[in-house]
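In what comes next, chain A is part of two complexes: it sits with chain B in the first one and with chain C in the second one.
The block that comes next holds the complex of A and B.
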């Protein structure tokens, strides 16, 4: 069961590298967060630790609903339903993502990370998420997509914390959720301003500062 | 505990008030409230330094000498910057670069920014420390983007992305630290309280604390502008409005270092001193990387930003060298750098406003056009490069002595070499700007009295502390040093 959920998470992250329009990323991200909520929910069901339920619900509300809504609103306002721009080709991106996933699983197996009983299956995926999130940030040229890569990294860290210690203490978890929310709002504001100034979200236009 | 609540609430209330009320009233009000916060900060410092650390709110708040020292720097530089902002923003409005509406937004974000930094300094829990440092990035990114020009948006975006990714690594580090004490404390929230971790430091799992420390060093190091994670820093600091640059360089970087040092004191105890070499390497590398960039600069504020990379390196080096003397020098250097660098950014703000350019080749004869700003600029530039008899020299000399005493010959000699190179690079540009004939179209005037008055507070510190460090201040620094050594709680 856990393996299947982990696989779904992995697919969602690789999928983000294969989209054609920026707006496609929003439902994928919502799906990713939904599965993430599911992992926390499943762990709560198995361990009955109440803070995992809170984490699951918060993930559902904040990450699967509010954050996609903000991103959707931003994209609509900027009106960038256009194609994504990548550094690599779609196929090269898929190849690199596969290599990174294998690397993630390999690194995790070598690190001997301690893990909790029910979180163990997610551990390799969580590390892979950090790798893939970073790759999304590097591969995509649109500013907004870097924000999405960042969210993927944060999702990975959330999963790391869950798999190795059933999450951080609840108060801290709340703080991190709040941070995420503010981050996405500010990414939205800045993307909007970047788009209205440069008439593009392509970060290659932003290369005037050097030295 | 009342004073701690006040300390945190005042910036929040000020932010909202300045945003909602008339600009002319708001700008004066915020000077008064930040001054009031200086009083609150001094009161807290007095309690901490003369009695005992402050704890409260179910042990979520913990203020010891190190926190109190950081709080003092924030409220002090915060006050001077808010005083300076009045003049700076009035000038921008008069020049029709921005409207009154934007000034209100400026004060809103500026005071929230001060508030987040204060919050970072008072929390006990490392998780909240992380949340706080991330919030400082988010709030100040909007200040960097304030002018909404292409370059400022570029800088803000780079800052936001690099800052957030860096800090994600720090979170991973904190998760590992939580893990390293996992067997000892179980699932409680207290397991991330640094007082708890600090007391248990000897019993933490060394393998995990080492990994945790490296992640935290890279993560918060990005925020502190340590090379090679410093790339966002020159952009952000040069594009932000000058009072914001002063706060970014003067205290935000210190706050990020504060995060590193908090975790360093724990991990260095666990690892029996094996964490220190990492600080020495990162510190030296940051100083070294400044040298070439200092020599090829064209932009005044960029040059000052690179100098901040250097000084963060020096502080890190000082803590890495360690021992009572090295730590003393490092803490003293934190204070001296804050004063001298914020002073430099304030004078640079005045200069760029009068010359309408940040490009150094277009700036000359500052001493003639702006006698007060010009001479203070020259003093501050001499101070920041470590020239006697100014304050930075004292702390750099102390770190050097500590380096030789503790046998770090290679590190100390290269430190000296880099500092000399940076001195000559920076002075080449500064002297050309200060002396010579002014371009004809530049008016001979001082900026308004707000932005001139603000210069004198850090100036006093720069000059007085160069000549002698008052005994009570030595005592204060000693106490911070004890905390950094992992001493009493």
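The block that comes next holds the complex of A and C.
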């Protein structure tokens, strides 16, 4: 069962690279966070560690509801329903994503990271998440997608912590969730600002700012 | 073995008929009878063949080569029994390359008479098969890795012995990868439309335009057998349950009935997919097959590192 959930997560991360409109990315992100909350919930059920339940509920509320809502609101306000712009083509991105997943799986098999009993299947996927999130940030040109890549990286780190040591201490986790929320709000505000200055979200235009 | 070859040859037009009938019913048409492909083949066999004056011996040899190589490939694919005397000779790779031989001769002969559509059809077919063959092999490898054998009968035996352990993510991914390949290789709708003679759409049909009479009949029959074999391959890789392990008469006949049932269900599924989707552009087919390749690569990945 864990392997199927890991597979769902992997597919959702690769799917984020295959979207046609920016607005498509928000439901995928919400789905990804929902599965993530499910993993934390399942792990709480197996280990009965109460802070995992808190983490699962927080993931469900913050990452799967509030953050997609903020992103959705931003996209609706700026009205960027057009196609995504990326550096590579769609299929080159798919190929690179596959290579990155192979690298992620290979690295985890060679690193001999300590992993917990219930978290072991998630470990390769979580490392792959960090790679793919970084690749999303590099590949996309629209400013909003950088935030989505960041959230993917953060999801991967959450999963790493979960599979190595059943999650981080409570205070750290609360801090990270608050950070995430603030980051997304700032991404939203910055997107408004960038859009009102340049009439576009393309980050390449920001080099015009050089004096 | 002789019996299996005969059954494959005789069953193939029936499956074609089932697909056509289901498709017609889904489009609110009555459709031809299920037995219509048999009448077609018989009609073609009775007729005399007309060959172009410019064509060489290839045009006469190719229908036989194609038919024989496809039926030979059929001997290595377990259909209703795994009790196969011939499996020491060949494995999955031989099956794939026997199909490759048939495809090579079809494409070569399409150029033979010098018709313009033949050249177009064969160039399309070769361009697509360069990717489709790789996708087929990758998805086969993804399944074969789990039981560490490339011999189909051994693979089926180990799959049926696994019980509920077969339900792994890599198997699920390989299922979808293989489904795409089966649709592409049988020339069904998202990739190729087998029912039209429009120059914009045809891939396989374009190569058969120069044939007539019994040669055309043989080529069409071979295409139907190839379709049946791909469905059988799909069944024996993903739903092999109930296949007869021994030569017991009662068990074999039961397993044969089950096999025909599975074939009919799968044929209906194909017809359903055909009704749901429109044919995609030729330039998008490599991307579809690329998606299938990525799925099988991920399946192999999950298999190797877990």
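Keep in mind that, in the parts below, the second predicted complex is superposed on the first by the 207 of 211 C-alpha atoms of A that agree within 3 Å, B and C clash if a C-alpha of one lies under 4 Å from a C-alpha of the other, contacts with A are read in each partner's own complex, and residues count from 1 in each chain.
Everything below uses one rule, namely that a residue touches a chain if its C-beta (ideal position, glycine included) is under 8 Å from a C-beta of that chain, and two chains touch if they have at least 3 such contacts.
Computed from a predicted model, the values in this text were never measured in an experiment.
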Partner chain in contact with A:176 - chain B first, chain C second, else both or neither: first
Chain B versus chain C as contact partner of A:7, first or second or both or neither: second
Touching partner for A:102 - first (chain B), second (chain C), both, neither: second
Residue contacts with chain A in the superposition, chain B compared against chain C: B
Touched partner set for A:198, first chain B, second chain C, both or neither: first
Contacts of A:186 with chain B and chain C, given as first, second, both or neither: first
Residues on chain C engaged by chain A in the complex (per definition of touch): 168-169, 172-173, 287, 290-291, 294, 297-298, 301-302, 304-306
Touching residues on chain B, where the partner in the complex is chain A: 125, 127-128, 130-131, 134-135, 138, 141-142, 145, 148-151, 153-158, 160-161, 164-165, 168, 171-172, 175, 178-179, 182, 187-189, 191-192, 234-235, 238-239, 293, 296-298, 302
Residues on chain A engaged by chain C in the complex (per definition of touch): 3-4, 6-7, 10, 14, 91, 94, 98, 101-102, 105-106, 108-109, 121, 124
Partner chain B, residues of chain A touching it in the complex: 49, 114, 130, 134, 137, 143, 146-147, 150, 153-154, 157, 160-161, 164-166, 168-172, 175-176, 178-179, 182-183, 186-187, 189-190, 193-194, 197-198, 203, 206-209, 211
